[in-house]
Structures are given as structure tokens and as C-alpha cells.
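Reading through the C-alpha cells given below for one structure.
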Amino acid sequence: MNKVTNINDAISTIKDGQTIMVGGFGVPGTPFMLIDALLQQGTRHLTLIKNEANEPHLGVSKLIEAGRVDRLITSHLGLNTTVLAMMNDKKIAVEFNPQGILVERIRCGGAGLIGFISDIGIDTVLSKHKQVITLNGQKGIVESALRADVAMIHAAVGDDLGNLVYEKSARNFNPAMATAADIVIAEVESIVNTGSLNPDAIHTPSAFVDHVVEIRELRDEYGILEHHVFT
Amino acid sequence: MNKVTNINDAISTIKDGQTIMVGGFGVPGTPFMLIDALLQQGTRHLTLIKNEANEPHLGVSKLIEAGRVDRLITSHLGLNTTVLAMMNDKKIAVEFNPQGILVERIRCGGAGLIGFISDIGIDTVLSKHKQVITLNGQKGIVESALRADVAMIHAAVGDDLGNLVYEKSARNFNPAMATAADIVIAEVESIVNTGSLNPDAIHTPSAFVDHVVEIRELRDEYGILEHHVFT
Amino acid sequence: MTKKRLTVSNARDKIARRAEKEIIAGQIVNLGIGIPTLILKYLDWEKRVQIHSENGILGMKSHCSRETADRNLIDAGGGYIDLVTGASFFDSSLSFSLVRGGRLDIAFLGALELSARGDLANWMIPGKYTPGIGGGMELAQKARRLIITTLHTNRKGQPKILESCTLPLTAKACVDRIITELSVIDVVDDQLKLVEIAEEATLEEIVEKTDAPLMVPDGELPRF
Amino acid sequence: MTKKRLTVSNARDKIARRAEKEIIAGQIVNLGIGIPTLILKYLDWEKRVQIHSENGILGMKSHCSRETADRNLIDAGGGYIDLVTGASFFDSSLSFSLVRGGRLDIAFLGALELSARGDLANWMIPGKYTPGIGGGMELAQKARRLIITTLHTNRKGQPKILESCTLPLTAKACVDRIITELSVIDVVDDQLKLVEIAEEATLEEIVEKTDAPLMVPDGELPRF
């Protein structure tokens, strides 16, 4: 089953109104090439699930700035004043989750579960409007699983079956999202022969991946952000 | 922080009446040496959490046969007629879980969560005596998190900080259990210099491991079970 | 017309051979213990099928010899195995995310009892056989397609396919297709529909050995 | 007695330097954005401390130069970093298992407001500052020890330590110790207890700039 395909075929599976998960935490692990293809395709009314909104004019922020995203489920937008302003102007609906609860909800969806129970935020505004139950004497918030129609993820290496290996801090949300969508599109920096990855060191097994797209050229946005060099 | 210690010091942290998780699925990943040390120490009234009970006279079955285990939380005992007979004679209390629910409860404890909601077993006897709730219109059983006082696990390679790498099907329950106990004791087949493991290929990061014990000699029980060679 | 009777061993092989035809190229498949595992014997590897094993393997091939057995490499049934190219290992948690998350195209399982609406009972006989649950419940509930491979009757010659199951259920309304040495039966809209008849079987025999209503389409049914 | 006043920059450094003393050899530590990150500047690496970053790193060292920056290696604040020997990478899910599962010995965080019983507010000012939550809530609730490093007063010179917080809470009763440029204060049994006084501060100044009851032990307190 050769899952290597061209980017436009892969992205054409994404339709107006769908829910899309996008990997990445800052630049590392963000599938910039897939995001650009989705932008070009013109798909609208998306619900986006991503840790943050990248930074202005970068990554998913481009989709949001172009008005393609109705709703963003995220953890933190501290580095994106543009999207924060859009949120304040009600141009986009934003749902904030504690970061670990966000990834846990995604993993929960990927694990075919309905939800989980956590005490994170229990005595804060976060527990408003949520079901609170008691289990073995512990009070917890019921958090619902998150799934998406499509996940767009980034990996360092892939094979034609769809096995993936991530690199350093570019792993972040990608493995959880790879489990939690009906269709998973992975962009990879290089495709290697099937069988050449160490089976003990594969992060995402092939079963979770539907399309593998090779990045031909790592454009500038994949590089170092000069304003994040602190010494 | 050098976590390499001798086996008796590590095992001496285990006290009568505690709950102990033991890694392994069949022979692969079962910490036979730690189990034997616990047997020798004579600790009693244990609650054991393990996928299965190994086979008669092997691994945790030795602890159970010696009457050290009051309660077993497990998935399947099909290969251990001795423990099944003890269960039928009420010499040990056994709680069965679907295999994936068992590991999920362990992971849930390791993730610092209270429980999760699943539809596995929803219309069967398994939903009796359990809380059933509705979330977003889906009915699910509330499953509680499992944690242990001590986890005994097996890895192929470790370093002195406690980073672990598992091999092939010997991974199984070990990584989840490594997150879900107050004290984690890992036996490893070899200890390598810290820094020599690829940081992208470490399965259990050092933070989760308290004691590392090196296996001096892989005794027979770690070897091939002749009656499982099928061709 | 008298029909040749199959031995139990031949019957099991016949079921496994027929079951193999269900697998489409590139699918992710889990094979339960018993007849399902026999499917490996007949599997066309040109299909690049990925066999999943609950203990954390995708891409197992088949049981291997003593010489090539690896002490760290067994399937969920305990047998030593070898691998296909592109196999991967993972922990039990991710293994069941694969199952429950809907990435398993087909699970093949055995049965103690089956009901007309596709209920499956295969994990316990109260007071007699209570070995635990294992991964069967999750496979039955969550595989995209659940195919039961089983002898048509139990050791006493009694039907396994019943109006309703009498044993504790593994999962309700989970079965898509039943393959026995006598027939292939689909569960469609809570009803059983005969779709193929074994070369060795007659319609009368199938109806007699099935203790539930069976829809029989008009015309000649395919033989296998 | 007139005291030398610290510049804001010097005050931040002083807090970071004092906070570093809290870390015991071999501990797993998470450093929030702001003053907590400054602790790296003063960290004694002989302690073999493991710094955790929420985005999936254990064993980060410090911010690195343009020359050694790796596009795939940033901390949770976005800065390029280098690593200590024995570092590991993992996904965000395991990263928060580490936090919520109780494997984090200390989290250092900043604060907007703190209450007498150890409540922390540091994530939003309704209508003004609503950037989201990030990992702070889980760090605050689940680190074995939560140490707040903050200037004693806000930009307007108003106390940050109050009888009760007025802003939405990050977590209730989570703070163990507060380190400011003026003092070290512990939360003990829902009360604030002064434990150290800065060389540059007086008891009167601390009491004046703290808008909550402060237990002051008899005798001379250690200076820092």
C-alpha cells in the first residue's frame, strides 16, 4: 500500500466546514507546506485544532487571517496578537484548553474513548458549563474527546507505508493527532525505503497514516525565527 | 542522579499490603529477576496488576502460587490453569478487564487523571456495578484510573539516569506502568553510558524511573518457551 | 445426494481459506486465536496486508521455527513470529488506540454463540470457562468489519447460531459476516442472510444446523 | 536606615539567583516564562538537574546562539535551546503525564496575583489580557512543589500578594513558596509566613507592600 501522493490530491480531501487538526508547537512540527496548500485550495468555515496559532503571517495564522477559520480550539495565543485581536473583534471563535488537557482530549479521541475525568481547573472558571462527577471520592471535570475529519501533521522521515519518525521538539502534538482523525496527511522531510526504519524507533505506525507527501524544499518558514534567538 | 542500584535495595521498598504493577505480556517484558527478589523477600498481601499471570511456575505465577497475592487485576488467564483454579477456589480475588481498558486505566493513572469514559462492554455484564454517564449524547462506562505503590518493569537498555529503551514485543505494558507508580523499578539487560541513547528513540524518559537494576545473567525463564514454538 | 463430510481439521482449513478472501490489499487485520490464526497459512502476501497483534505489533507475518524464534517477539497468542518489511512495535496503549480508534479494517474472531442480530458470545461459560476477557471485546466492538470464523456447530453438534445468545455477550450487534465450514452468512439489518454455501453442504443441512431465521435469496448461491 | 533600591532588571536577577537555591540535586524542574527562565543563568549544573519543557523535552540546558540553534529544538517559550547529556524527547501527551502524574519536583511560575492561602492567578485579566491558558494550570496544580518567582508589586506599585485574588484563578491553594526581590514567603496552613528578607529590604517595606496578613517569626530572619 504505497501512501505517497502529491500534495494537491491529499489536500483535496478537505472540504468546507470540516474540523482539521494541525500539528506543531511553534515552528517545529508545523506542516507549513500542507497549510499553504489548504490556503490555496480556498476551503472555508473550518474548525481548527492546534496548540497555538503560530505567529502572525506564519502557518495556521495565514488561514485564520484569510478568514477561512470559524472556530479555533487551542491552548495559548500569546505569540499571535493578530489572532488575539480577531478573537476580541469576534471574527473568530476561540476555545481555550489547558495545554495538557488539549492534547489529552485529542489522544482520547484517537484512543476511541468518549472522554476523561480530570481535576485540572476544577476550582476555576474552566469548570463552569462542564459536567462535574465524583469517582472514588474524587471530584473531576468531564472532558470530551476531540476528533477531526482530517489531521495535517509533519514528520522528519516517513516510508511509503506511512511509518513516521519525528525529530526533537518537532514531535509535540503530531503523534496524538495522527491517531485522532478520519484522514491523516503527513508531510515528511524525506521518504526512506520501507524496512529501513528501526521498528522499535517508529513513533507513528503506518496504520494511522493515510497520505504521505514529501517536502521538496524546506522553505524559509521551516527555518530559524531570528527573533527567538535569545543569546 | 545515578539511579543504578542493587536489586535487594530496590525491592526492599516494597511492603506488605501494597499494590504492585508488573510489566510483560507473556515472557517478553516480564521482569523475572525482580519478581524472584520480591518472592525471596517474602512480602505478602499484595495486590498485583498485570496483563496475565504468566504461566504456571513462571514469573508472577510464583508469587501467586506462594500465596503472596490477595488480589489480581488482570485481563486474561487462559494460559495459567493453576491461577484459574486458585481463583475458582477463592484463594485469590481476580478482577478481569478488557485488555485495552486495563492498559488505559494504568495510563490514565500515570497521566494524573481520575478516570475515563468508554463504550467498551457497555451492553454486557461489564457495565454492571459501574457508573454509566452520557456525554455529548454518547453513553459510556466510567472507568477509574489505576496507580500502584511500585511498578516493576523490564527494559532492554537503560542509562544511569533511568532512560529506558524496550525491544520488540517486550515493550507492551511497561511504558504505561512506568508512569503510573509512586516508585518505578526497572531491570535492564544492559546499562549504557548516559548520552549514548538517541534522545528521539528513548521510550521511557528518565523522570519516570527511580531505580535501575542490571540483569547479570539472562536465566532460562527469559528464553524461548519450547511449547510456544508452533512450526 | 450425499455429501462428503469434512474432518474437523479440514473444516477449519476450509474456513480459514475462505476467510482469507475477505482481505483486501493493504488492509490492517487482526487475527484472533484458533481458526483466525490459521488464515496466515493461506494469506496472499502480495496484498501487503498488515497483521496487527494486540501486544504491540503491526506487520507480523507468521509463526516461525525454533531456529529463528526471538525471545522478545511473540504474538498475542504467545507464539514466536517473524515480521514483514515495514513492521513496527509500540506499547499496549497505542495498540488499543489503533483498535478502538477505528484503524483496524477487519478483525477475525471465533465464537461460542452468535445471535440473529449479530451479537457475539465468546469469552465465558459461567461456572465452566472463565479465563478472562483479553482484547476480544475491543476487537469485536471496534473493528470496522468483524468476521466470525467458526465451526457451524459446537462439540455436541448443537447450533452455535441462535435466535439469541444464552452466554454472556462479548459485544452486541457487532458481527458483519459469519464464515463456517458450511456457509457464509451476513448480518444485515438485524437479520441473517445466507450468501454462500460450501461445496460439501446442502441448504437443508445449513438451515437444520442454524437455530435462527435465515434469509435465503432466490436463485443459485455461490459455492465455496 | 536607607536601603539601596534595585532596578527592575537587578530585581529579576536577584529573584532568579535566590530561586536557584531551591533546586536539589537530581530534581526534575519546569521553568515558566519570564523570571523562572532566568534561573538557567544561575543554575549549578553540578546538581544534574533535569529541566522539563512542556513541548516534549527533558534535559534542556539553556538558550543557545544563532550558530548552534536547531530549527527543530525550541523550549515552550519558543527560544532555541541546547541539551544536557541524557536528554530525551517525547510527545505532548507524555509531557503532561510527567507533570500531572507527579514527576515534576518543582515548577517555578510567575504571578499576577497571589492570595494568603496560596491561590495563584496568572493567566488572564478579563477584557485586557486573555492569551489563553498554556501549560500553567497543570504545572500549578500538579508540581510537587510550586514556587512563585515574581516582583513583589505590579507595574503600578500595587501589591501582588492579596487577602484574596481578584482575577480568575489559575489554581487554588497551589503555592508553596513565593520569592520576590524583597522576601521569601511560605504558604503554611493557609497562612503566609515570612522566612527570609532581602539585603535591600526592611520588614516594614515588606509588610507595607503585602496586602495580606503575614506571620513574622521572632528573632532575626535570614537575609538573601
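We call the chains A, B, C and D, going by the order they appear; numbering starts again at 1 in every chain.
The rule is simple: a contact is a pair of C-beta atoms (placed from the backbone, for glycine too) under 8 Å apart; a residue touches a chain by one contact, two chains touch by 3 or more.
Given the structure is predicted, the values throughout are model-derived calculations rather than measurements.
Fewest steps needed to get from chain C to chain D, stepping only to touching chains, is 2. Looking at the partners of chain B and chain D together, the chains they share are A.
Comparing the CA-atom centres of all chains against that of chain A, the greatest distance is found for C. Looking at A-C alongside A-D, one finds more C-beta pairs in contact between the chains of A-D. Between chain A and chain C the centroid-to-centroid distance comes to 36 Å (mean Cα coordinates, whole Å). Rounded to a whole number, the gap between the C-alpha centres of chain B and chain C is 29 angstrom.
The geometric centre of chain A is 32 Å away from that of chain B, both derived from CA atoms.
Among all residues of chain C, those that touch two or more other chains are 89-90, 93, 96, 99-100, 142.
Within chain B, the positions touching two or more other chains are listed as 104, 107, 111-113, 118-119, 166-168, 171, 199-200. Under the stated contact rule, the graph of chain-to-chain touches falls outside the line, ring, star and complete shapes.
According to the touch criterion at the top of this document, the contacting chain pairs are A-B, A-C, A-D, B-C, B-D. For chain B in complex with chain A, the touching residues are 104, 108, 111-119, 131, 133, 135-136, 138, 140, 142, 144, 165-168, 171, 198-201.
Every residue of chain B that touches chain C in the complex is listed here, in rising order: 25-29, 51-52, 74-79, 84, 87-88, 94, 96-101, 103-104, 107, 118-121, 123-126, 156, 166-176, 203, 222-226, 228-231. Those residues of chain C lying in contact with chain B across their complex are 53-57, 62-66, 69-76, 78-80, 89-93, 95-96, 99-100, 130-138, 141-142, 168-172. Residues 1, 107, 109-113, 159, 161, 163, 179-180, 182, 194-195, 197, 199-200, 202, 205-208 of chain A are the ones that touch chain C when the two sit in their complex.
The residues of chain C lying in touch with chain A in their complex are 25-26, 28, 48, 50, 52, 58-59, 83, 85-90, 93-94, 96-104, 142.
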